[in-house]
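A short write-up of the structure that comes next.
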Amino acid sequence: MDLESVKRYLEKGGSENESSFIDSMPPKFFETLITQGLHVDLIQPGRVICTMKVPPRLLNADNVFHGGATAMLVDLVGTTAIYSLGGSVTGVSVEINISYMDAAYADEEIEIEAKALHVGKVVAVISVELRKKKTGKIIAQGRHSKYLYVPSKM
Amino acid sequence: MDLESVKRYLEKGGSENESSFIDSMPPKFFETLITQGLHVDLIQPGRVICTMKVPPRLLNADNVFHGGATAMLVDLVGTTAIYSLGGSVTGVSVEINISYMDAAYADEEIEIEAKALHVGKVVAVISVELRKKKTGKIIAQGRHSKYLYVPSKM
Amino acid sequence: MDLESVKRYLEKGGSENESSFIDSMPPKFFETLITQGLHVDLIQPGRVICTMKVPPRLLNADNVFHGGATAMLVDLVGTTAIYSLGGSVTGVSVEINISYMDAAYADEEIEIEAKALHVGKVVAVISVELRKKKTGKIIAQGRHSKYLYVPSKM
Amino acid sequence: MDLESVKRYLEKGGSENESSFIDSMPPKFFETLITQGLHVDLIQPGRVICTMKVPPRLLNADNVFHGGATAMLVDLVGTTAIYSLGGSVTGVSVEINISYMDAAYADEEIEIEAKALHVGKVVAVISVELRKKKTGKIIAQGRHSKYLYVPSKM
């Protein structure tokens, strides 16, 4: 790609109409694009399993489930594995990492499993795995480290 | 949080109207939510710098720039650092990792810099840093490893 | 710590006698310090479990099992999970990451489990977990991404 | 490799003589194998640069600088970038990640640079890069996240 094409690729905002449409999106809409369609199958203290049918809106330029959408699920579903342990503890992300192993396509059913590996006084670590619902094949696996705090004590 | 609240948090789809609105979003809309508003400041072979004013649609539940949006930028802007080297080589993500260091708020100007650390025959590694435009303070830093291939030779 | 102490900490080579002793160590001795004492408990295609009694030589300045020794095990035992699948395929590390969750002390029995999550044509991903043998508590979990190649075809 | 060979590879302890030699190594000897020969070239608050001539003892089975030795340097030299800021704060590793980009060979001069990216009240993040001294080519880059605490207040 020449440099001008790279610039166009990143600044790909379309017509003025499209731009104002996107700019009119409500606060936190980015997250809503992921959670809409997410179904919780199992929830236990420290463990959450969800399913989702890959919607076209979450595809990337190669027509596969976006790696950034996978990262969102590692963040979001991972965090709920901590919430599921009860208490008033919340937290902020320290680190997220993801290994990508397979592609997921539009309308494919995927399963997301988050497991709390460690919940200490100040740090929690969660593992999150995305699998093809039909075959169990791993699409991606990530880990999410959070710094925990009780907001009232900050 | 009790288990029922965690379920509601993840399945937070609102009214039926809202659901059909979201389901009507065009293909790849998730990525468009990020690229709309992204401005390329500098582009050189192996290096890309963009700026963005944090839009409310990319905030998380705590009203700060979403960690998943950061991951999207590490993916997207990181990839263009490879494109900027020319050639017909594209690739797939092998691994993405991100350390989160500071919060960015609505309407704050952020700078995203991607640098190709290594472009070998089969693997490329890119570093991506998000900074506060005003102070230069690091918001997050990530690395993105890609497996490169020339599609016609697959 | 003042800057001079930091320098001393890093260059801590002791007497001349000690230095020549260390410099006389045989090639690859670093790895031998880890593998000596490692016992393979189970080996199946794509899965390897080892145990080790933490030796004093692998402790860090705080008298706990060295984080770098954990990284060595993620590298080494992770690689054998690929070897255990047979074939002549070898590979080089693309990325290794480790989350540290608990300390292990001298003479403590630890268990190291490596599982191949994905073995594709060019990339393999392995998960490696270190646990306390007695309680099963996780000490650390890591992932290891390798680029695979058949040497004769390079 | 067949399963029996994998087992032998991991349990490669040699003769009884060799085993007792290794078991007689002093406490923390693993770290000494790395620090011996490490030379501090520059030390500033938040930044440390060292050089090292790759000794045969730190090679792996393929006769290149061991990926686990790289991890040790990310841990050790990364930590000193925090020490170099003064104060009595120490810390424990939360996460270490490393991307491997090039090989280093016996007797090659390598440069290790650690930079504190962020030092907050509870979490610090350090970037560590290994380069070939002669060409500046990156061998590996990693990040090290630490949880900071003042021991007396624990």
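For reference, chains read A, B, C and D in written order, and residue numbers begin at 1 within each chain.
Basically, a contact is a pair of C-beta atoms (placed from the backbone, for glycine too) under 8 Å apart; a residue touches a chain by one contact, two chains touch by 3 or more.
Everything numeric here is computed off the predicted structure, so don't read it as measured data.
Touching chain C and chain D together: A, B. More inter-chain C-beta contacts link the pair B-D than the other of B-D and B-C. Distance from the chain B centre to the chain D centre is 30 Å, each centre being the mean of its Cα atoms. One simple way to say how far apart two chains are is to compare their mean CA positions; for chain B and chain C this gives 32 Å.
Within chain D, residues 94-95, 97, 99, 123, 145 each touch two or more of the remaining chains.
With chains as nodes and touching pairs as edges, the resulting graph is complete, every pair of chains being joined.
Those residues of chain D lying in contact with chain A across their complex are 94-95, 97, 122-123, 145, 147. Residues of chain A touching chain B in their complex: 1-3, 5-7, 9-13, 18-19, 22-23, 25-40, 43-45, 48, 50, 55-62, 66-69, 71-72, 75-77, 80, 83-84, 86, 92-100, 106.
Of all residues in chain C, only 95, 97, 99, 101-102, 117-118, 120, 123, 125, 127, 138, 141, 143, 145 touch chain A in the complex they form.
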